[in-house]
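Chain naming follows the written order as A, B and C, and within any one chain the residues start at number 1.
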Amino acid sequence: MADPRFHIKAGPLTVARLCDIAGAELITPEFGERIIEDVAALSTAGAGDIAFHEGAKNLADLKATKAGACLLAQAARHALPDGVAGLIAAEPQRAFSHVIDAFYPRAISPGISERAAIDRSAQIGAGVQIEAGVVIGANAEIGAGTILRPGVVIEPGVKIGCDGYIGPNVSIRSAIIGDRVMLHGGVGIGHDGYGFAMGMAGHRKLQQLGRVILGDDVEIGANTTVDRGALGDTVIGDGTKIDNLVMIGHNCQVGKHCIITAQCGLAGSAILEDFVVMGAQSGILGHVTVGAGSMLAGRAAAKDDLPPGGVYGGAPAKPVKVWMREMAAIALLGKQRNKKKT
Amino acid sequence: MADPRFHIKAGPLTVARLCDIAGAELITPEFGERIIEDVAALSTAGAGDIAFHEGAKNLADLKATKAGACLLAQAARHALPDGVAGLIAAEPQRAFSHVIDAFYPRAISPGISERAAIDRSAQIGAGVQIEAGVVIGANAEIGAGTILRPGVVIEPGVKIGCDGYIGPNVSIRSAIIGDRVMLHGGVGIGHDGYGFAMGMAGHRKLQQLGRVILGDDVEIGANTTVDRGALGDTVIGDGTKIDNLVMIGHNCQVGKHCIITAQCGLAGSAILEDFVVMGAQSGILGHVTVGAGSMLAGRAAAKDDLPPGGVYGGAPAKPVKVWMREMAAIALLGKQRNKKKT
Amino acid sequence: MADPRFHIKAGPLTVARLCDIAGAELITPEFGERIIEDVAALSTAGAGDIAFHEGAKNLADLKATKAGACLLAQAARHALPDGVAGLIAAEPQRAFSHVIDAFYPRAISPGISERAAIDRSAQIGAGVQIEAGVVIGANAEIGAGTILRPGVVIEPGVKIGCDGYIGPNVSIRSAIIGDRVMLHGGVGIGHDGYGFAMGMAGHRKLQQLGRVILGDDVEIGANTTVDRGALGDTVIGDGTKIDNLVMIGHNCQVGKHCIITAQCGLAGSAILEDFVVMGAQSGILGHVTVGAGSMLAGRAAAKDDLPPGGVYGGAPAKPVKVWMREMAAIALLGKQRNKKKT
């Protein structure tokens, strides 16, 4: 499936072994010794591939699949074609993520390039991979097993945990970063927040004295920026996943396991409690709190605090039913206007 | 016109020669041997400059121009001042683009900096220009005549065609790139798409095993990101031009000759057919198809498939007439509300 | 307050000395010799800290503060707790910015890394700090006291003034930059504007021959892009402050002391007069002028010229009162629709 120019494949693996890896139940034990070579999508999978099906949609794809094996939910079992090894899992996609990792294990080539510039006072953990063009400042700390791709800049004092991946041309300052953190190409962590004493005499800079704290298992997409705190810290909780070109302002407090999709913006001191989901291009005004587990639709703009557990849309963000009703009313009004004219 | 600090000028050229270059018709043959030194805008051009006029607007600028020569359409011929050499072209701006290229030919200084770090297994074409701080990984291929500006990171296996321009601090992984592609400063190609098996147990990463395929003559603006596919590829067709700070999600399929302006976003698996135009800050939801030749207004958000050949606006995007009507209805409603109050 | 991993603190300083630095009036002269060690926020400050209070809000924080000293306005004097040294200033936050600078003076370690690649023809001023991985092209000029962090790319001919800060992995081409300019990590200055002769035969590039001119005291946030002019220049006036992930198109003319917050976009040839304020994620269409001192709400989109001194919101942007009225009318309509249904 994956182009060998870019990805190194392990395996093959038997269906029985994959069932163990996936934590699934094999409902076709007669295929336990079948050899599987790779992962694939349902619609393109062949006899040597394992695929997955999840959700109520795409049952047709499942019925028509040519895969050698398929992870699926109990509810879709009836649609599994004859001859396909069936692996039942409560969350087939999550189970599939383990299967992918078995075929494509994390690749690391420990070593430090002579073309990296590392300050003598920096502490470098065991088994790191540091590529050409990396610059590491004084007293920085890089945890064991962490990969720094070419062109990474680690400013003085920055601390990164173990088994991280820091993509090409990422720059990091004034930050304390947890374990297993992934920062993709061009990410900027800890740059100056937007703080000025504004006025007609010109806007005077307020030095930004805080830090960025990234929890464990945080992942941040390409060219996203997270500014450091002004007085105090900007914090991203464990397990939060941020997409590309997102802006996190100074002193934001983002909880654990939040989902922040592409091109969202959080103004200074915004607060997301745990498990908040932000649709693409949505925004949070400064000092606004979004309650735990709430979801914002794409383009929503939270102007005031939003209670936990709700679904919100629109600008300013309101309960999604209210928003939908307003949009329906506008659509009707437009139609009426059209009739009057004719 | 152009500051010689930054741009190297060729020439001078005669009006007759420029006419050939532009594929234009000289309607003032008495000026064929006039010497032209440079290009300029209509309003600032002097006797040694060639300018252009296109469209129904700015006829006053044409009538008042002091240019030595001017490219213009047949329809504007009546407004050409006496003494200005007139070059008639069907598409004056396109003709002018050839004239610019004659005065400012592509500059390349072949050579490979000693400060570049190039893996021995990489294949480097003839006549490339590779600057200091460039890092090229194993088995990468750089086509003949391609320029890599300082700080470019080419990850292992990446293939770039001929006569490309890769701007400073661009990073590229898992990508196959065509000929004459321009990627401006800070672009990120092929970083991880946003894929997780989400849930209350924490979001588990779905490794991204696909690629990015960029066609010939693609141009991508500064700090834009194009993620690689999850299972399968992200594809940008020949001749498509993308502006700055755009986000193209994993598995998007963008057709040929599309126009994607600044800060647009395409969520995962979005499809643009050929010749689609996206206004600034517009967005396409995941798995949505925009039909060939359709245009989206700025800030439009395509939530459902849009038929080819239409003009759409609003969020969610609808035919521009419907959108305009709704906005007019809202404006009227606001006015009525105001009257009631007073 | 600030983590000594990242920030070097000066001091301590007496209250009397801080009063001089802040240009404030000491209303508790009995505390003039009190020793202050650091700056802090009102709510977290201790006996050795100086904090500030400004505005009508947060009087409770002032009344409860444990700070050793506090900058505040005359109007809040009544809420100053006993035992806290009181420093009265007309603009307490601005006064506080000077206090911060006294405790955290600009840090520069002059010197040029052997790992920087500097063209022989470049002119480097006295007392600069140039870090590893910096690349400086032919005939570039770097003013005295300017800091170039690791990975900065200065393309040929670029001129930067004195006492600037150019953050990690910034790239700059075709630009003339004033004094005391700060460009944070990943900023892209002077890359190609989005100019094409468009058409069904494919879009033909219009070479971008202009420059970027940045005035004195300009500050630009992480991963923002400012494209160079097509024919002519893109100009940012003195003292203008731009946040992260902003897009400034070719030939824009931005006045002095403008405030452009995160993720805003200015299309080509947009004009901001002096002291314009743009809320987050707002946009200006091409060739549109926003008058001096005008303010745009977040997400506003200026489609037509806006008179000076106004406050505008919505898309298209309109006077904020009109916009508010329309939003109220829509909300009412939604409610009425709901009633009808039930």
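Structural remarks
To be clear about the criterion, contacts are C-beta pairs under 8 Å (C-beta built on N, C-alpha and C of every residue); 3 or more make two chains touch, one makes a residue touch a chain.
Quantities reported herein were computed from a predicted structural model and do not represent experimental measurements.
Between the two copies, chain B and chain C, the Cα superposition rotates by 120°, quoted to the nearest 5. Interface note: chain A and chain C, two copies of one sequence, contact each other through mostly non-matching residue numbers (shared numbers fall below half of all numbers used). Separating the centre of chain A from that of chain C, both taken as means of CA atoms, is a distance of 28 Å. The set of chain B residues touching two or more other chains comprises 133, 151, 169, 186, 223, 245, 263, 281, 330, 333. Interface residues of chain A facing chain B in the complex, by the touch rule stated above, are 1-3, 5-7, 39-41, 44, 91, 93-94, 96-98, 100-101, 104, 113, 115, 131-133, 149-151, 167-169, 182, 184-186, 217, 219, 221-223, 239, 241, 243-245, 257, 259, 261-263, 275, 280-281, 298-299, 330-331, 333-334, 336-338.
Of all residues in chain A, those touching chain C in their complex are 117, 133, 135, 137, 139, 151, 153, 155-157, 159, 169, 171, 173-174, 186, 188, 191-192, 194, 196-207, 209-211, 223, 225, 227, 231-232, 245, 247, 249, 263, 265, 267, 281, 283, 285, 301, 315, 322, 325-326, 328-330, 332-333.
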